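Paired with chain B in one complex and with chain C in the other, chain A is shared by the two complexes that follow.
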Partner chain A sequence: MKNLARRVVFSLATFIALAVVSFVGVDALPGDGCTALLGRFGTDAKIDACRKENNLNDSVVVRLKDWSGDLVRGDLGYSIKRDEQVSEIIIPRLRNTAVMAAVAALIAFPSAIVVGLLLGRYPRKLISKAVNQFSVIAMTLPEFVIATVLWLVLSIWIPIFPGVSVMPSNASLLQLLPNVWLPALTLAVVIFAHSMRTMRASVTNVQNMPFVESARLRGTNERKMIKRHIVPAALPPVVNVVALDGAWLLTGTFVTEAAFNFQGLGRLAIDAISDRDTALILPIILFGLAVYLVSSILADSLVRVFDPRLRSSNR
Partner chain B sequence: MKTLVRFNFLKNRALIFSVLGFHAFVALLAPYLRLSSTDSQDSAALLQGPSLNHWLGTDSLGRDVFSRLLHGGRPSLVIAFAATAISCLIGIVIGSIAALAGGWIDEALSRVIDFMLALPTLILLLLISSFFGQDPLILSVALGLMYASPIARVARSATQTLLARDFIRVARLQGGSRISILFGEVLPNVWRVMFTEVAMQFTWILLAFSSLSFLGLGASPPTPEWGLMIAESRSYMTLNPLLVIAPIMMLASLVLAIQAMVDHE
Partner chain C sequence: MIRTMIKLQKILVTFLAVVLIAGGLASCGRTSSASGVLRVGNDAGFGGAETMDPYDGNRTWPTINMVFDRLIGVDKDFSPIPELALSWSSNDDLTEWTLELREGVKFHDGSEFDADDVVYSIERMIDPEFDSPILAVLGVISSVTAVSKYEVLLSLSTGEADFPLLLADYRALMTPVDSQATIGKTPIGTGPFKMQIFDPAGTTVLLANEDYFFGQPKLERIEVITFADSQSAAQALAGDQVDLLLAIDGKSSAMFGDEAKFTLQNIPSGDWNAIDFRVDQEPYGDARVRKALRIAADRQVIADTVLGVGGGVVACDTPVWSADPYRWDGDCAKDTEGAKALLAEAGYPNGIDIDIYTSDVEVHMVELVTAYKDQVKDAGIRVTIKMADASGFWDDVWMKESAFVDSWGQRPATQVLNEVYRSTASWNPTGQVDKDLDKMLDEARSTKDQTERAKKYAQIQERLFENSAIFLPYHKTLTRAMGSKVKGVEPIVIDAVRWEKISVS
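Up next, the complex of A and B:
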């Protein structure tokens, strides 16, 4: 418990430090909200007036203080370029990404655990070797290649899903759902390969342990062996990977979303960066950081819950 | 079918090295192969299928796909080599210094490494490339700096295990200074341990740059680059699927061969 509290405090400090660094870093980039808004048509006078209106002429320290004060109060800021509150831009996209991530997680994680178990248990089967090779390939290829292949196969050759999504960012769930499949499948392939291999390695490892051998000598049948002895012991490392992959599903989706023009947070980040909309870039970076920090704490605590050996040593 | 699955192409040494050899040959010699120009546009022959003039057909601007394909690995390879060299240099030096020095220096350097590992790599790359232009030099340095931290971490632990070995103790007892031990004993041995990590890093950097190109922020048109070629041709997949399949095969075979070679060592 003491350990957990220390990690939370340390992560909070890391978050604050990185938030300040990000603010100063993004601020140091050439261009601000006003130059982004006015583009190449902005005369010096116009840009100056715009800066005055939005208090961009204050020093970095003053603006950092204002910005962090607003952030603590839950105000994410205002995008001059898009003339909208940042929260109003982000929330619908975050929902879209969350739906996509949930679909991907529901497809990938349960199947990865089952397939990993079977592959670890029956490594000599032909199908095991084939699935294993597939997972190596899936883990090596970049997402945009997987995305393009899935699009070609599942949308053009066998037209099951729509390819590029055409929908407003605030589409209803019913409108959203058909567009979610292909990007979600792309992400699912990546995390399936990753978590399946972890599960397989973990099962292989557990199988060689003395307690499994002794259970086998006692004449335990296969069903009970898997349910009582192998799965509980093999899960902890997989839980860790699942937590980290889950975080990646929320924050690592730029390429996949761009590939399908899916209106999520990753797509928004790329748009904001190409528009040089600094006010919008910062909250997205901070969101990614927060997810990363929370998930790594969550991963370690979950492992403790699942693994009794770690629990007792901590007391 | 059964023999096909049984044949583990990721473990076949001859296959792996011939694929790597093919890529090395193509990447080094593409400009000297008397291919048709990568930029010349033939407006009378857009999006054509394979023919004698254009072995893999033409893209949406009437450019020869085969020629662009053979040139398409060069930008990413150059950047991946440069960035890997930078990240190795920084990472191995920082990592081994941290392990050798110990104490507060080790603690401070380790915190810096942790900090760098927490940075969102792709967002940073996109920012750099968007705000400072798609300059290969800037991108190599940025990639090299960003990928230095994992190398530093592995180098640190590799050095730590080395330090417990007898020959380092002997060097210390012989009165070798820390710097001479670093260059004479540690670095040559760390290098051997690091090979796997570095090769993996190389593929990640290669793929990161290709992904950047795919997003339109890596190689800039009309440079032939596989990621960019895939992005440019995706809208024409229905008309000529070869336009995307060919660069995908090139990128996939290169990355998988490197990966398989690493696993083999």
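Up next, the complex of A and C:
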């Protein structure tokens, strides 16, 4: 427990430090919200007036203070370019990405664990080796290739899913759902390969360990052995991979969202960066930070649940 | 073990079922094409900052042209034709223009269109405080007055023979009196389509204006669907999720080779790229060096390399595009020896080393310098390509470094020449001061006779080829793609396309 508390405090400190670094870093890039708004033909006078109006002429320290103060009060800020509160822009996009990530996770993780277990039990069988090799290819393929292949097969040749998402920006969950499948499947292919391989390797490793051997000699039946001995011992490394991949599902979807015109956080991040909409870039960066910090704490705590050795050593 | 397998199998089957059900759901949600509905794919443009105010820098194109009308439109051959103005005439020195308006035209809210709306609209366009991008086009207007309910008088600060063509700019649209505050989100126009839902990040819906003065539109509805990038838009057309893409990437056109399903149109446009040399920085002050830099390259090869074969029309440093009635076509073939001789004469017998700045802020900009570098090396011109950050390009590089890549959209001859080449123009990117050229420009725009004027514009363009500091190798050809069931989209520049004549069978 004490250990967990220490982790949380440490993560919080990391978050604050990185938030400050991000703010200063984004600030140091050329251009700002006003040059982004006024564009190529913005005159100096207009840009100056815009900067005054939005307090962009203050020193970086003053602006950092204002910004973090607002953030603590729950105010994510205001986008000059989009003329809208940042929270109103981000929340619907976050929902879309979260739904897509959840679908991808539900498709990929359970099947990866099941397939990884099956293949790991028989590591020498041809099929086991073949699937393992094939998943290396799936892992190394860029997402836009997977996206294009899936689009071609599941939208053009066999028209099951809409090829790209076409929906109003305030789409209801029902309008969103049909558009989720192709991007979610694309992400699922990537993370399935990842976690399946980890599971397979882990199971292969665990089933040759002395405690499994001893259980077998005691006459434990296969089913019980898998449930009681192999799976719990094989899961910890997989949990870590799942946590990392889960975080990636929420923060690494740029390419997939662009490929399918999906209106999520990834596409918004691309737009915000190309628009130099700093007010919008920062909260997205912070969200990514938070996701990774939380998921790594979560993964470590879960590993403790599965692995009794870690529990005892920390008592 | 077997029971485990069965259990695992059950889990897998459940997931398959979920996927299949989802597929069922998906096909329900699929938008199917209906006759009378045109789905137009559009790029994201201004990332959520879009407005329907046609005078705002973030105007939503082409949607504004479905909702509003101009006073004067353009025909296929780029001659002015009546839209909301029925006729126009000027005084002898071309400084005062009288426009007779169409009577009985109604805005979408039922109110009548008259001279007050014209005065209001034009005053907003030329308001220096608001500083609309269209001020660069219509800045010649010094005042506008309503003579009667259906007649307006426009006074210009200088004689301009092609003033009707300037009024045909796609943004010079008529909006109702006192609409500034509301027009951005709830636009009221006189155009062929009425705004139903304005959703620039998603799907904008427009309904036919049955009382349209050019006749009832053939479509019931237009949906303008926004795409984050051109690839996903092309996929949407291939998968029958949209019907029309106004411009596709040349590389995507192979996706639409099936003539039974798709129609492709190649449309020469007035969009151009260039390499600009600052005459206030050495060695570009010397006209011989400038000319050497411009004649050392094969423009056709550059156009083919940068835009793809057939992707552009070669220009001899003239910004006036191929369909413009004032276009001049000279001989600007690659002349390596001539370039070498000019360089030697200017004091560079061993060739010259230059830096050219570029950036991926827009497509084709990096490819242009790369192709140029390869073309001019024979003449002893050694180019070092300097990559600048996209976000700072227009602020810190363009018009500031000694040589840089440029990009401009289509404009009529008088506008582009006065906006880019006139010594005093605010966006004259090379800083070149050529008083003779300015005089020629004044004379051309104040010549009333069309044939005489065309001669003068040709002389101006010839002078640019001799003297200018802008290497302008091509105008781009746009590729438009649509489903074959879309009818009535003529293969002409979008400014001249009549939305009410389009149908979907």
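Convention: the second predicted complex is superposed on the first by the 312 of 315 C-alpha atoms of A that agree within 3 Å, B and C clash if a C-alpha of one lies under 4 Å from a C-alpha of the other, contacts with A are read in each partner's own complex, and residues count from 1 in each chain.
Following the convention adopted for this analysis, contacts are C-beta pairs under 8 Å (C-beta built on N, C-alpha and C of every residue); 3 or more make two chains touch, one makes a residue touch a chain.
All figures in this text were calculated on a predicted structure; none of them were measured in a lab.
Q: Once both complexes are superposed via chain A, do chain B and chain C end up clashing or fitting?
A: clash
Q: Have a look at where A:177 lands relative to chain B and chain C in the superposition and call it first, second, both or neither.
A: A:177 contacts chain C only, not chain B.
Q: Contacts for A:118 in the overlay, against chain B (first) and chain C (second): which applies, first, second, both or neither?
A: second
Q: Would you check which partner chain A:102 touches, where first means chain B only, second means chain C only, and both and neither mean what they say?
A: It touches nothing on chain B or chain C.
Q: After superposing on the shared chain, does chain C or chain B touch more chain A residues?
A: Chain A has more residues touched by C than by the other partner.
Q: If we overlay the two complexes on their shared chain A, which of chain B and chain C does A:251 touch? Say first, second, both or neither.
A: A:251 contacts chain B only, not chain C.
Q: On the A-aligned overlay, A:143 touches which partner chain: chain B = first, chain C = second, or both, or neither?
A: Only chain B is touched by A:143; chain C is not.
Q: Considering only the touch criterion stated at the top, classify A:133 as touching first (chain B), second (chain C), both, or neither.
A: first
Q: Can A:38 be said to touch chain B (first), chain C (second), both, or neither?
A: The second partner, chain C, only.
Q: Touching A:270, do we find chain B (first), chain C (second), both, or neither?
A: both
Q: First (chain B), second (chain C), both or neither: which does A:49 touch?
A: neither
Q: Let me check the overlay on chain A: which residues of chain A are in contact with chain B and also with chain C?
A: 29-31, 151, 156, 258-259, 270, 274, 276
Q: State the interface residues of chain A toward chain C in the complex, per the touch definition above.
A: Counting only chain A, the residues touching chain C are 29-31, 35-41, 43, 46, 79, 81-84, 89, 106-107, 110-111, 114, 117-118, 151, 155-156, 159-164, 166-171, 174-175, 177-179, 181, 222-223, 226, 257-261, 263, 267, 270-272, 274-277.
Q: Hey, which residues of chain C end up touching chain A in the complex?
A: 1, 3-4, 8, 11-12, 15, 18-19, 22-23, 25-31, 44, 46-49, 57, 131, 133, 136, 197, 199, 201-203, 225, 227-229, 231-233, 235-236, 238-239, 241-242, 389-392, 394-396, 398, 427
Q: State the interface residues of chain B toward chain A in the complex, per the touch definition above.
A: Chain B residues touching chain A: 2, 5-6, 8-10, 115, 118-120, 122-123, 126-127, 130-131, 203, 207, 210-211, 214-217, 227, 230-231, 234, 237-238, 241, 244-245, 248, 251-252, 255-256, 259.
Q: Touching chain B in the complex: which residues of chain A?
A: That would be residues 14, 17-18, 26, 29-31, 126, 129-130, 133, 136-137, 140-145, 148-149, 151-152, 156, 251-252, 254-255, 258-259, 269-270, 273-274, 276, 281, 284-285, 288-289, 292-293 of chain A.
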